[in-house]
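Going in written order, the chains are labelled A, B, C and D, and every chain counts its residues from 1.
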Amino acid sequence: MNSANYLYLSALLFTIGAVGVVIRRNAIVVFMCVELMLNAANLSFVTFSRINGNLDGQIVAFFTMVVAACEVVVGLAIIVTIYRSRRSASVDDANLLKR
Amino acid sequence: MIFNSPALSYSLLAPILIILAGALIGVLIEAFVGKARRPVVQLSVALGSLVLALVQVIRIRNLSSTTAAMGSVVIDGPGLLFQCAILIVAVISIFLIADQDNFTSSAAALPGSDEERQATQSGTVLTEIYPLTLFAVAGMLLFPIASDLITLFVALEVLSLPLYLMAGLSRHRRLASQEAALKYFLLGAFSSAFFLFGAAYLYGYAGTVSFAGIHAALVGGTGNDVILLLGIAFVAIGLLFKVGAVPFHAWSPDVYQGAPTPITGFMAAATKVAAFGAMLRLFYTVLAEAQWQWRPFFMVIAIITMIFGSLVAISQRDVKRMLAYSSIAHAGFLLTGVIALNKAGLEASIYYLFAYGVATVGAFGIVTLVRDSSGEVSDLNRWAGLGKRSPWVASAFAFFLLAFAGIPLTSGFIGKFAIFSAAYESGATAVVIVGVLSSVIAAFFYIRVIVLMFFTDATEDGTSVVIPSILTRLTILISLVITVALGVFPSPLLDFIKPLAIFIR
Amino acid sequence: MTALLPLIGAILLATLPKGAELRAKQLAFGATLVTAASAIAMAVQFQRDNTDLQFVEVRSWIPSFGINYAVGIDGIALVLILMSVILAPIVILAGWNEAQGGRWSVKTFYILILVLETMMIGVFSATDVFLFYVIFEAMLVPVYFLIGGYGTGERSAAAVKFLLYSLFGGLLMLASIIALYVMSGDQGGHTFDLAKLANLEMSSTTQNFLFLGFFIAFAIKAPLWPFHTWLPDAAQSATPGTSVLLLGVLDKVGTFGMIRYCLTLFPEASKTFTPVIIVLAVISIIYGAILAIGQKDLKRLIAFTSISHFGFITMGIFAMTSQSQSGATLYMFNHGFSTAALFIVGGWMIARRGSSTIADFGGLQRVTPVMAWCFFLAGMSSLALPGLSSFVSEFLVLVGTYTRYPVAAIIATVGIILAALYILIPVQRALHGPTTPGNENLADLNLREKFAIAPVLAAIIALGFYPAPLLNVINPAAVHVNSQLGFTDPVPTVEGK
Amino acid sequence: MTSNLIVYLIAIPLLSSAVLLLSGRKANKWGHLLGTLASASSFGVGAYLFTQMLAQPTEERAMTQKLFSWINVGSFNVDASLLLDQLSICFVLLITGVGTLIHIYSISYMSHDLDRRRFFAYLNLFIAAMLLLVLGDSYLNLYVGWEGVGLASYLLIGFWNQKPTYATAAKKAFVMNRVGDLGLSLAIMIAFASMGTVSFAGIEEAAPKASTTTLTAIGIMLLIAAAGKSAQFPLQAWLGDAMAGPTPVSALIHAATMVTAGVYLITRSNFIFDAAPTAQLLVVIVGAITLLFGAIVGTAKDDIKKALAASTMSQIGYMILAAGLGPVGYAFAIMHLLTHGFFKAGMFLGAGSVMHGMNDEVNMRKYGALRKFMPITFITFGLGYLAIIGVPPFAGFYSKDMIIETALNAGGIKGILLGSAALFGAGLTAFYMTRVMILTFTGTKRWDDEAHPHESPILMWLPMAILAIGSVLSGFLFTRGDALVHWLEPVVAPHEHGEHSELLPPIVVSGLALTIVLIGISIAVMMYVRRPVADVAPENVSALTKIVRQDLLQDVANEAIFMRPGQALTKSLVTIDEKVIDGAVHGVGAMAIGSGSELRKTQTGYVRSYSALILVGAAAIVLGIWVITQ
């Protein structure tokens, strides 16, 4: 199978994730969309790793997973805190700071 | 299978390692030291490790190496200068951070809850901030010397994640603070995704994640240009987000306003140094040969950023937001240094970053002093008449503003001059002219604040200036002295920068 | 050098305790006097036939950019420095109490004045373009605080307007300076040395643009129509003493800059733009005068007369004949004194009456004859009455301009009729006529005030009859400026005696 | 020949003026004496220098004194140096002589004024400036004096400036004089640009080589200058108002000396005018118009001083006319100037004496029959009257007759026109002066009961008497053996006889003139002796009379042409400056603020809009990449 197709898939996933970030309101979902984007990037890395014939890309993918995990820790902490204070996880409710 | 032990060149990595060690000790202190003694111990450890790291950076200033940590980092003059700047800014900021009135006593407690009140009354202070700061500093130190995409990405996250948390720790207006953290985090993660995606494409283009390899591929010119350009674009977006360039700036006013002021100051100053450091390295060493593709985009972004930041700052009513927009405008000015793409541009950028960083910490330090009974007052209208009540504080703030405005005999002027002349030298005349004109607009809002402080009579409410603690005083004083010194006698620093400011690949 | 004396004074002043107002005044006055004395001593040593820069002093400042602390003066600079240092003590003495109404302490006022004086000396003597620019811009700060902190009325708005206008011009100039710096780097090493920059090779387009960067900055400073609108506001709001320094000295930096920088650095562009500038200058002369006639506020009126006068100076500079060039520099000096006299005496009138509206005065000649006389004499100097100092300079400018641009000179000459109107109308309203209610008990000048104004008026009269001491210093420098541009005076059509 | 004394002519009164001004009230007691002494000393020096000149041969009489180098820039070299020649000595003696008499007169006339000291200071300042005017050896030196006398005139007209109209009159005089000064400055500029010098000697030497156009231009500019200073058409309007000043001032400045400076200027510039026929033609036209204009205005004035002022204007018109006629006329212009100096100053002092006795009343309709109360004044005034209307052998007869004759002989239609104008003017002069005499001194008394007319003290009548003697004798002395004509010959080009054929023989001209004068007198007698004089000016008069009473609408015209448009221009420019120029500046500021607050709205506070912004930015970049790679 043509490995370019994986790239298209990755781009598609990335776009879906990015659009998701823009249109979804729930902070958790938004965050999941970001994760989707990260994984789209991972897919690209792996694909390019295959195309280029070296393993660097795959190593990066592992790093990404670790980093993403860290991000989840921090992110969830923040989201939970704000959910506790506001009783809402909608990103649209957090609108004190503007202009 | 032969297992080569990696050559890490510990002495070259020592600054980062020292900071990380300090951070880990800090975590241990949280666990083992009694509450009462924690603040002092934490501060000593943090300060000690920062100073130690700084000393180490200066000790190794004439060394250079492309092979440290198996080629993951490059130790060279500019990298060390960036590290120096970050560490100095961090040292100054740490005094400010140590003034605990700014942080919530219990981050986990609900805003307004009894739990929070009890924690506050019992005098509990938040000492986790020190290790967090040190972790962020470690990331920042790594960021400008990273020499492959993985290290760059990891450093980016290491510096960002603690900052996300720190943004949410304000004692006053906690909801806003948490909102700032949320926004910062979501948008930061979003932009990291862009960065990573771009990194994937750069890797796809070059077949390697090391900067040297990407550069070699670029010089060879065999790869797919579209993939290269998409890679550059998305990586750039990630970096531009960090420095707050338009249109990737939207987080900064909200976060600046919501975050605890000492953190805002630290973040505004140090992140900018680190991010520009990384950006300069990437675009000067790796992507310089592709300048015909990326420079036009950068020019447009720089122009938009300068104008947008200056214009919007005019109509701000909140001093922290105003400083945020000012920092956006300054990001635009600094981008001209990236565009310059010459040695003068690099020197100028380093100088500018350092001068701007120091002044920023000082300015935010002063913001922490202006308070009423419910905490910090950042509403500009209530700053009216400050010059009458506290002439010294107001004068110091005015001086920082003049430095931001680039009035001669302040550090900002030399920086602006240097960076614009470098950009002009590279032929970016239009950018320079826009830069100069937006400086006028920028001057307008700095002056507006000065007018407010000195020439407007105070409103009736009880905004007052607290007597600064010795630590805050130290922060402001050091910043002020450096800002004056760099304005009047910039030579020592310029001469220090000059021989060092040569990137090696 | 002399420049440092007032700075030392300022530092001493800063160490004074809070309440010591009188001590602060005395110290400031003393510092300016010492400065004046040392400047005069310098003037005595000045070799007037030597067209090279004298008292040259060069110290490396920021070597990485090729920036030096480089100073040196020619005749033109010498005259302007003399004017500045002589006016400073007079301003302090004349406005002995004017700092009282300010937002801040009296001490701060004098610190600002002394810092300003330091910069004034520096700006006229700098021979390093960067140094010049730094002082040029940094000067704005003390003036800004002097207007905003110690002025009256809409002082902060006026101060902001002044600052923004000046910054706008200054930053345009910065762009030009950057370009010069970069070009010097391409042509044999980065430098800001004026003499070296003057020899840069550049295309005429570049030269034109860079010239405009400098010129607009100076035209705002000077101020030339249509960049003038900040001046009346600033003058109206500032204290008289500040106005004297602002109009008398600071604005001269604009016209001085035209000679020292525009002409020297961009000779070709200067020639290209001369017609436009002459037109602007003529418009300034007439426009300023007409607007002065239409003013109801004494300080605004004086400000508009200055706009007219600056038109003359600019015209003289760009007509580039030896008469007009010397006349222009002499004009700067004389205008400093006549405007100082107007503002100082006008300031006393305003302080006594508590109003600056001309219509509120009336019949002062009866009530306060000495003050009225001083004002009248200052006014006569402003309208360039022959026998007073301004006449010599104004006539030199006109006659010099006529030999090259007769039409401009003819139109400008109409200004002398308008000058009669703009001076005599306030003289009539304020000094003549029946005593307006509220003026009956105004006090005449006291001894301090007489001492302050006497040297100004004496200079106005003495230099009207015997301008040679100044002209002898100015001439060689002015001729040197023109000859560097390759200009020689037009030869009369008929050889006379 | 050089002389070190010339400077004292100027220095003495100048110094005295400075002393009087600076010494303050303590000098009130002796101030007037010092002033008079200064003027008299100056006269003494002048007289001494005159005798020195007489001792020299004709060609060597001119004396110079270089004081110092005044302005020396490039080729523009002007020395502060003085020139005393045959022309200037006439003026020196007139100024210091008449000036001293008027000082003496003023001691008494101003004795009740609190500011007498200041008055004498101004008078001395005037004397000094006027002397500088006639003694300067270059146009620029002359210019200093020229404006100096303007200043003195301004100060003296406005001496009683508590009265707003007086202050306005002073301002008007100064401003209109400045219009003239404009001409003088331009003349100097043109001269310098074309000939490279501004000294009389230098220009005289260069003038023959200069083009006619240049000389005409200089000539016209000088004419404007002369018109301003000498109240000639069209810059005549200030002189009537200038009568606001104390009467001795009117006598000295606005009759005898300052207003004749224009004649001096034209005569002094003979080398220019002689080579510029067009300019000369304009000079005579201006002279002719003004002599008629002044005379006509004089016929309807009820204010004695304004009547005399109108007469002055008219008489100076004669002088200008004569000066414009070239070499044949200069001497007569100067001669008329000198005789006029005597009789007009005398009459003004007479008028002052009348006012002194009549509670400062100036309206002649309130006088009448004063002959009995003020015999000396009547006699001295009467002698002046006879002189001015040109009755032989009084001074005016000689000088005016010469002018009429010269004008008639100017040749062709020009001569006839000018001659007729001069003759008609003589008739008008006779009419209005007779009217003044009748209204003031004869007829019935029309004054109020508060007035107690009485003769003035000796300090006042003595100067009047001396001037009256001058009015009687001077004409005879000047013409005896063409004394003045020959005296002036070295300065103005020699008097050339026989160039034009004489239109009428001199004796016929004199006869004609006398006849016309008689007609003028008769009409006046018919109008004011035969009919009773109303003490209020009648209202039911012809439109023409009304116009004449309004000075032939001179102020109306000035207001309509200059003042009101000027005020409108000023007002609109003030508005434009605020609204347009400053408005543009503020507009830019407002635009920046406005766009700032518009852009600020992009900061909605919603995370999703921020991320959308990032996405849009990214999309734009991708689009850009797509564009450049295609």
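The criterion applied here is as follows: a contact is a pair of C-beta atoms (placed from the backbone, for glycine too) under 8 Å apart; a residue touches a chain by one contact, two chains touch by 3 or more.
Here the structure is a predicted model, which is why all the values come from computation and not from measurement.
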item: Pair of chains joined by more contacts [C-beta pairs], A-D or C-D; value: C-D
item: Nearest-to-centre chain - CA centroid comparison; value: C
item: Distance from chain D to chain C - Cα centre to Cα centre, in angstrom; value: 37
item: Rounded Å distance between chain A and chain D, as computed from the means of their C-alpha atoms; value: 96
item: Rounded Å distance, chain B centre to chain D centre (Cα mean); value: 79
item: For chain B paired with chain C, centre-to-centre distance based on mean C-alpha positions, whole Å; value: 44
item: For chain C, residues contacting two or more additional chains; value: 164
item: Where chain D touches two or more other chains, by residue; value: 589, 600, 603, 605, 607, 611, 618
item: Of all residues in chain A, the ones touching two or more other chains; value: 18, 21, 30, 91, 94-99
item: Pairs of chains in contact (touch as defined earlier), listed by label; value: A-B, A-D, B-C, B-D, C-D
item: Contact footprint of chain B on chain C as seen in their complex; value: 60-65, 103-104, 130, 133-138, 140-141, 145, 148-149, 155-156, 159-160, 163-164, 167-168, 171-172, 174-175, 178-179, 181-182, 185
item: Contact set on chain A toward chain D in their complex; value: 18-19, 21-25, 30, 91-92, 94-99
item: Residue ranges of chain D touching chain B (in the complex, touch as defined); value: 589, 592-593, 595-597, 599-600, 602-603, 605, 607, 609-611, 613-614, 616-618, 621-622, 624-625, 628-629
item: Touching residues (chain side chain D, partner chain C) in the complex; value: 21, 68-76, 80, 140, 143-144, 146-148, 151, 154, 158, 161-164, 167-168, 170-171, 174-175, 178-179, 181-182, 185-186, 188-190, 192-197, 199, 201-203, 205-206, 209-211, 214, 569-571, 573-574, 577, 581-582, 585, 589
item: Complex contacts: residues of chain C adjacent to chain D; value: 164-165, 226, 228-229, 287, 290-291, 293-295, 321-323, 326-327, 363, 365-366, 373, 380, 385-387, 391-392, 395-396, 398-400, 402-403, 406, 409-410, 413-414, 416-417, 419-421, 424-425, 427-428, 431-435, 465-468, 471-472, 475, 478-479, 489-497
